[in-house]
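In the two assemblies presented below, chain A is common to both, partnered first by chain B and then by chain C.
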Partner chain A sequence: MTINLATESGFHAPGTEIFNFEPLFSIGGLDVTKPMLMAFVGSAIVVTLFYVACAKPTMVPGRLQALVELGYTFVRDDIARSIIGGKKGDKYVPLLVSLFFFIWILNLFAVIPLLQFPVTSRIAYPAVLAITVYLLFIFLGIKHQGPVGYFKNMMFPPGIPKPVYVILAPLEFISTILVRPFTHAVRLFANMFAGHVLIAFFAVTAYYFIVETQGLGIVIGVAGFVMTIAMTGFEMFIQVLQAFIFTLLAAVYIQSSVEVDH
Partner chain B sequence: MFLAELFGSVGAIGYGLAAIGPGIGVGLIFGLGVQAIARQPEAYNLLRQNMILGFVLTEALALIGFVAPFVYPTS
Partner chain C sequence: MSILAAAEEAPNILVPPVAELVVGGIAFFVVFFALARVLLPRIKKTLEERADAIEGGLARAEEAQAEAAETLAKYKEQLAEARHEAAGLREKARQEGAVILKEMREEAQAESKRLTTQAHQQIEAERKQALASLRTEVGRLAVDLAGRVVGESLEDEARQRRTVDRFLEELEATAEDTQDARAAR
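Right after this comes the complex of A and B.
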């Protein structure tokens, strides 16, 4: 879907084509593209960071250890403990910390010069993470409430007038089983996708009106240039917020499976 | 026979329509959230978390509207 605002003047707004990459190289028939490579680098960065910082923990933390512990305690206190609850929540902290930092690094690639592509704006990456959480919370629900009890607690919460169940039961089933994983993945994907298109649009506007055409249009070009910088700053805020939200929702879903009634 | 027909970037119009409801919803959530924080500043942490949670659940509707044109391209 390309938006041709002014086709005859030669200005082309960026569309979905900026998300398609030619394979860089292929290993045994598997084509490796830039986002795939960046996903590997991202996971390597997270693993290395935590290993270097916390492999030999000291009582009085050094600089790097203090920094990593700051991130760790943030996820533990603000997500795991406050959503899932004290003792129970601590069990899921490793998963939530990995999710948070992995997604954040993948998002952060959008504003790092030369890389400049949010890996999570390809639907496959958020989808895999959302499916992992989806399978986990269904497994936990069946483990803690039993196969019948889980679906009974989900579709027939107690204390509601009987006729309401006719509407409530199918709605609850659809929203938990079908819509949940979909919105979980699409929320992250669509935010990063929209942000990347927005930055690309302003950058193309600046380039077109400053470099390719001369004249009064330069005012628009300068506005586009300023907006590119402003949107980059705004995107950095959105990136950490989306990583936080993805992890927060994962915790909420786990909590709804672990707790029997709420 | 068509009663009415629409050409061009229908997806953009659809997204505009899809954003109305979530727009009102997000406005309500943050408006009431700020009001609640003003009344009880000591409950800030609890309120902020619930505000974000309500915000993301409402925002999902707008995002589905954003993705729908890519799922059903017009041409």
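Right after this comes the complex of A and C.
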């Protein structure tokens, strides 16, 4: 399809190749690419944001401090405390706040001029975060319920007819131990990937039909331009939402490990 | 051709390159470390202090209100007491006034009675004196008159007095008769 379009009309719809970057330079055998640099920039932005806002916090907060406090209390109250619960949840607030802001900034890069690439649309970044959460909740499950109790509670929840366990036990095991980290990472990755493809597609359409061709095609070009703007706005919403969902799920997984909810 | 070649070379988008896993992990760890160790505890502390300040402020306000209420109650009590005392004083003054008035009235009455009695006595004494002098005067006049009438001087004192007395008794008797007659009428 891509090849056909490319050969017949000269229009080239963006595909997976826009997610691959040539190394910019190499340090000690590590090929540094644009997303890698952006990951560090993102991490620096989050740290700087929190540092500027809260290095010297005041009782009556300034604007930036109030904003960061709003983000902090949102994660604390609406994720940690409401999912994990009160005092127990407070322990995981730093992790959840870090996850939320780090992911959000990496997502936000998709709509920042010149950067214009969501780092989280490369599977490695969601994957490493999902793996971190995965290792944490398994560790917490074993710590709070015991190595046997954790798997027993997971695979054999009480109050279910015995024959059902034949199906339920393997399903629960697969869903918690195998599928969970995968879906956790892929949900974020796929959303950002698709969003970036869409914006790229509309942008290329606009460029192609307005700049490179003349005639009636310009109508399509204008539509592409309008859609690029609209999708950019929509993506900004999706970016926050996906950061929130990733963090929320991390909290849900932690909660299921520190407490037996059957 | 080149696109086909690129597609063949392109890695699977679902397979994370190890280098990026490491980079992503480090980038996140930096954020987590800075926030968890340094910055978030400060936010937490500030939020707690603010909550404390607000709660403390509320507590202080409550305390002040309670104190104000207490003071008001005390003032009201004092006011009531003062009013009561004032009423007591007024009542006492009124009673004392009444007593004084009564005493003064009694005194005045006694004084007036005394004055009246004194006046009566004086009048009585004067009347008696007048009567006595009148009697003497009338006697002398009568003797003079009688002397002139009968042409003789009644030198004998005793005789003279007896004559006068007799004359006066007759006169008095006549006067009593006249009075009786007036009363009868």
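Rule of thumb we're sticking to: the second predicted complex is superposed on the first by the 254 of 262 C-alpha atoms of A that agree within 3 Å, B and C clash if a C-alpha of one lies under 4 Å from a C-alpha of the other, contacts with A are read in each partner's own complex, and residues count from 1 in each chain.
To be clear about the criterion, a contact is a pair of C-beta atoms (placed from the backbone, for glycine too) under 8 Å apart; a residue touches a chain by one contact, two chains touch by 3 or more.
As the structure is a computational prediction, the values presented were derived from the model and not from experiment.
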So, after the overlay on chain A, do chain B and chain C clash or fit? They fit
>> Just to be sure I read the superposition right, which of the two partners does A:V128 touch: chain B = first, chain C = second, or both, or neither?
In response: second
**Asked** Of the partners chain B and chain C, which touch A:G42 in the superposed model: first, second, both, neither?
**Response** second
Requested in this report: Go through the superposed model and pick first if A:T16 touches only chain B, second if only chain C, both, or neither.
Outcome: both
| query | Thinking of the overlay built on chain A, is A:N191 touched by chain B (first), by chain C (second), by both, or by neither? | reply | first
Partner touching more residues of chain A, chain B vs chain C, is chain C
For A:I174 in the superposed arrangement: first (chain B), second (chain C), both or neither? neither
Expressed to the nearest 10°, the angle that the Cα centres of chain B and chain C make at the Cα centre of chain A is 100
Identify the partner contact of A:S82: answer first if only chain B is touched, second if only chain C is, both if each is, neither if none is. first
Practice task
Mind working out whether A:L67 is in touch with chain B, chain C, both or neither, as first, second, both or neither?
Solution key: neither
* Asked: So, A:I218: does it touch chain B (first), chain C (second), both, or neither?
  -> neither
Ask   = Thinking of the overlay built on chain A, is A:L248 touched by chain B (first), by chain C (second), by both, or by neither?
value = first
With chain A overlaid, the minimum CA to CA distance between chain B and chain C in angstrom is 6
After superposition on chain A, the chain A residues reached by both chain B and chain C are 3, 16, 186
In their shared complex, chain B is touched by residues of chain A numbered 1, 3, 16, 78, 82-83, 183, 186-187, 189-191, 194, 244-245, 248-249, 252
Per the touch rule above, chain A residues touching chain C in the complex are 2-3, 6, 16-17, 19-20, 30-31, 33, 35-36, 39-40, 42-43, 46-47, 50-51, 54-55, 57-59, 61, 68-69, 72-73, 93-95, 97-99, 101-102, 122-125, 127-129, 131-132, 186, 193
Counting only contacts in the complex, chain C reaches chain A at residues 3-4, 6-7, 10-11, 13-17, 19-21, 23-25, 27-28, 30-32, 34-36, 39-40, 42-47, 49-50, 53
Within their complex, chain B touches chain A through residues 9, 11-12, 45, 49, 52-53, 56, 59-60, 63-64, 66-67, 69-70, 73-74
